[in-house]
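Think of it as A, B and C in the order they're written, each chain with its own count starting at 1.
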Amino acid sequence: MKCFVGIDLGSTTTKALILDEEQQILGRGITNSRSNYDIAASVAKEEALVNTRINLVRQSLEPVSTLFENLEEFLSGLERTFRLEQFMEQLADLESVCHTNASGNRFASREKTIIADALRKIFHQLREEAPELFAPGASRKSDFFRDIAGSRYLAIGEASARELGLSFDLLLNVYDRSIIEVENHFGEGDARMMMLQALQRMLKVTPELESQKNIILEKVEQAYNIELEESYVVGTGYGRARLPFSKDHIRSEILCHGLGAHIMYPETRTVLDIGGQDTKAIQVDPSGIVSSFQMNDRCAAGCGRYLGYIADEMNVGLHELGPMAMKATRKVRINSTCTVFAGAELRDRLALGEEREDILAGLHRAIILRAMSLLSRSGGISDQFTFTGGVANNEAAVMALKGLIQENYGEVTVNIDPGSIYTGALGAATFAHRAMEEHA
Amino acid sequence: MNNFQNGGSAAIVDRCRRLFDDLEFSEVREWKAAEKGRKVIGYMPVYVPREIIHAAGMLPVGILGGGDQLEVIQGDAYYQSYICRIPRSTIELGLTGRLDVLDGMLFPSICDVIRNLSGMWQLMFEDKYVRYFDVPQNYARDIGGSYYVNELKQLLSDLEKLSGKQISPDDLWKSIEVYNENRRAIQDLYHYRAKRPWKTPSPDVYLVIRAGMVLPVEEHTQLIRDYISAVEKEEQVMRDNCRVVVSGVFCEQPPLNLIRSIEMAGCYIVDDDFMLVTRWLLEDVPTSGDPLENLADGFLNHSNETSAKYVPVTSDKGQYLVEAVRKNQAEGVIFAAPSFCDPALLDRPMLQNCLAEENIPYTAFKYAENSGQMQPIREQAGTFADSIKLWSA
Amino acid sequence: MSQMTPPDAIKEDSMEKQKQMISANFHELAQAPQQGRKVVSTFVPGNINELLMCFDMARNLPEINALQNGMRKKTGRMIMEAERSGHSEDVCTYVKADLGMMAQGNIGPTGETLPKPDLLLLSYTGCFTFMKWFELVREQYDCETSMLHIPYQGDGTINENMRDYVVKQLREEVIPTLERVSGVKFDIDRLREYMRESAKSEEDLVWVLQTAKNRPSPIDAYFGGVYYIGPIFTAFRGTEDASEYYRTLRSEIAERLEKGEGPITPDGEMKDEKYRLVVEGPPNWTSFREFWKMFYEEGAVVVASTYTKVGGVYDFGFRHDPDHPLESMADYCLGCYTNLNLPSRAEMLSNYVEDYQADGLLINSIKSCNSFSAGQLLLLREVEKRTGKPGAFIETDLVDPRYFSGANVKNRLESYFQMINQKRGGGFSEGVAA
């Protein structure tokens, strides 16, 4: 099966998307961007392949769906189990790297013993907790190993450090060194094997399927036996220049976002993308060709990162900001979206007795105001308008945006795809598909 | 004429505050609608000879940006992050139709940003009269002077064309006289404040002067007089504040809150360079002889010094500020400059050197017209006030 | 207004000649005090080099010092030095580089000490900052300053009043001051002679710049252009050296043109011309090579630029006129690019895009330079509207290395080139593939 891969290497996350020959989406994957761009791209692609396989498994099992009480439930159980397998494997890797890093000459021997003790405790507990994390309906702050493992490591580590009379900083130091190493290990796990292991487990906990075991295994094998031939890869995103691709496998993220938005919503004429460190306003013509674009200037004011600082300052998750802001009851005007002063502005406002929710609503509006200027700079807003990027998932930002569009441009259809974070990767994969056609 | 005799200074300041808050320029619109054929000319800082506009029967209106209440969307689209705020909000005012009442705009020679805004205005508002009002940086009567007189003649003839009416020397004499009166009133107010700053809070004085940007000059003069006589009758508590001169605020305006913060932090403002257009000419313009020559002479030889003007003699540089400190018995200078303001920020080190030589303390910060955070400014001004008190103790 | 160490690949006679001229000038400046020669400092736009030469004065151009120091990566430290002594981070980095250099002993770009000027000739042309710059320098040197105020073309024309004003300043103030400071009597015939020489260079420069109308263009009118304007924008306009330089340059370019060769870059000839651009705004000096490479690597050539007009706009017919020396000097000053109003600039840029068959307008917006930068986003819109060609906008600075983000600039340029390519309806590999 011919596959066309798009990889979008962003400042915070790296996304991959795979298209088939009919330009149908086979799978999508995402990971956090890291110091090694090559690895980030590979991990994202691997994630997209896993997702592709699950979709293929679905296709393969669909003809025999009557075997299952609920095929979708089974599949999501399978994926969760697979994720757990994957997590356990990475955890084992992290543990061994931590031990190695803790046994270096930097620590006194008494310290070494205590640290090793602490690590054993931490990882024991992490393993114990893991199934909970991937239980049906469990909510995770993030899907990235670094975040899940990291937040628990810190929590458990702090407690055990106190218990063992150890400086928590030492444990933190070990973790910081190790996670970077682990993130840059790649390709040690065999996804196919893990998936089969996951399947075995699923079958074990679902006794009513015992009699159909062979058919199911065969179908899953079938799905895995489809050869995925990587026909063409196109890379994009801010880090694209650092991808190990030749020049004809690279497209600017502006073009990819324009095309991706066009594929998602063919009537799109204006695209706004608010990512971690930049904001893009793009105008596209009826065939998805970019006719003009503007990006924020050097300063990252008003980008997604700004919300990140605010979340850090408030000590809440990034995804909690929007819902909090939605509870605002008063309009607060915030004029500065300078990331440097974000914290100071917030504290100043709180000190003045303003409500956290109201301030947050003001901050969201301020970010969107910056975006409105950029849109205006690029040529305004034409129907239809497509909003993409991480901030498009933030309901308070969306509400502010819709309001301002209405005020300034009247009735405009606003498209937001739940998978909008993959817009650039979709554009890149489409370019990959087109490049193949041209070469043919 | 006087509506405020019973309301005291608060009523006057209230009216000024309404004018200040009104980004729609309603009173200007009313003035224009009151008589058919009336025209309004907007002008930006730092100086234009309003006498000529007045003599043409038109209302000069000072455009000082959008303050901290205007949401700037379109205006921001025209400027990079390293350019000050005033041109953005001014464009926003223009594009949102708030300046439709203006029949023309004058852009004085103050800096490259405002200079270029004149050309932007020409491109964006094609049906309006737009003029870049250049002034000489050479102060010799027959060189810079004759250039300036010709520029004034050009302005005059442009306005004649716009209004369809001839401007006679008599018209000019009358206009010069009403502006002489206005300047005297403002000077009186500044003198009064320097003497009794506790009776004339700086935000109030600011609003009273600011009203002169939109009111007909005759009405404004009366308003100032009324304000002075109202405050004279009122008792206010004198606080243990130090006395400062505020420098650098001649173009983009700080939020009113900033002026209030300085005072609340323990500093009485006894002189400043707000709205220099109202105090540009330091002496009465003589009402005999050639009116344009007299206006030119005022500009060349008796005008306020500011960063937008060249200082030919090295030793004169910054002396006006030292003088302002002495004359008003100020104890220090607060340099408040808009972020990215070339004239104020490039001048500042030289002015600071002059003050240092005279052992005059100073402090400095930057603001934007829409600055929201006052805490750092309150702290800085407060520390400055405390340190002055310590020094003088 | 640049001269720099020529890229290794360029071995043209003209380049060699320019290199010699520049180092000779820095040497002359360094020697001036010993040789009893008076030194005048002045600015590039509206410089009146011919007149200054009539008084045998050595000419020092602080902008050139700053940009030369920028290319030698020395300005970062100088700027920080100036900021430490109280200069705002918001203001022009040419000024701060100059003041920082003075604070560090006034060692010029070539390593020779720059002399204390005897006169600051403040040609206040098209840039407000010039006025403050020399007030600041004057404060340090306490030397005489002569103001030559050039009124701005607010309505897009030069009128009699403006011209008279400039001529009067020259006649009644600038010339008497120059006579007094230099001790040399003014000789108008000498001035005419220099002006005659200037006009020759101007003619040749215009010819060279206009060869970019050809496909492929034999020159890069921005990155290469800053070399070509070097002599004429600085201490050499009106000299025989300059005339010779331009004669040589012209014949070199004529040869390239005849052979159908593309422009020379630091990596040799740019062979495959894919994109033709008009560029507005000064270049970045601290990463000049890296910046240039982002263009020629992608096959982009600049066919016209406004920066090569800051020291004089010659391509619409103006020449220094020996028959009307002071008047034509006034017209020269009044006509410099940054003294033009925005409508004139929009028209000039639109015409460039059309006349030079460009793919579009690229604006390099310089943080230091409000004279150029304020209003550029409107210029971009206007030119796009008038020509129907897409524009792009990047932001850098003159000599502050903190304001050059290579990855950021490259990202935008690539996006722009790919957009042009996509708009042409060309295949994706064409123009993108290496």
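Here is the rule we use: a contact is a pair of C-beta atoms (placed from the backbone, for glycine too) under 8 Å apart; a residue touches a chain by one contact, two chains touch by 3 or more.
Being a predicted model, the structure only gives us computed values, none of them experimental.
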Q.
Let me check something: if the centre of a chain is the mean of its CA atoms, which chain is farthest from chain A?
A. B
Q) Hey, which chain is the most central one here, using CA centres? A) C
Q) Hey, how far is the Cα centre of chain B from the one of chain C, in Å? A) 36
Q | Between chain B and chain A, distance of the C-alpha-averaged centres to the nearest whole Å | A | 53
Q | Distance from the mean Cα position of chain C to that of chain A, given in whole angstrom | A | 47
Q: Spell out, as numbers or ranges, the residues of chain B touching 2 or more other chains.
A: 77-78, 80
Q | Shared interface positions of chain C, touching two or more other chains | A | 377, 395
Q | Residues of chain A whose C-beta touches two or more other chains | A | 297-298, 377
Q. Considering the complex alone, what residue numbers of chain B touch chain C?
A. 77-80, 82-83, 87, 107, 109, 111-113, 115-120, 122-124, 131-134, 136-138, 140, 142-144, 146-147, 150-151, 154, 307-308, 310-312, 314, 317, 337, 339-343, 345-350, 352-353, 366
Q) Which chain B residues qualify as touching chain A in the complex? A) 68-69, 71-74, 76-78, 80-81, 368, 370-373, 375-376
Q | Residues of chain C defined as touching chain A within the complex | A | 377, 384, 390-391, 393, 395, 403, 405, 407-408, 410-412, 414-415, 418-419, 422-423, 427-429, 432-434
(Q) Quick check on the complex: what are the chain A residues that touch chain C? (A) 238, 241, 246-248, 251-255, 289-295, 297-298, 377, 431, 434-435, 438-439
Q | In the complex, chain A residues that touch chain B | A | 297-299, 301, 333-336, 341, 344-345, 348, 351, 369-370, 372-377, 404, 408
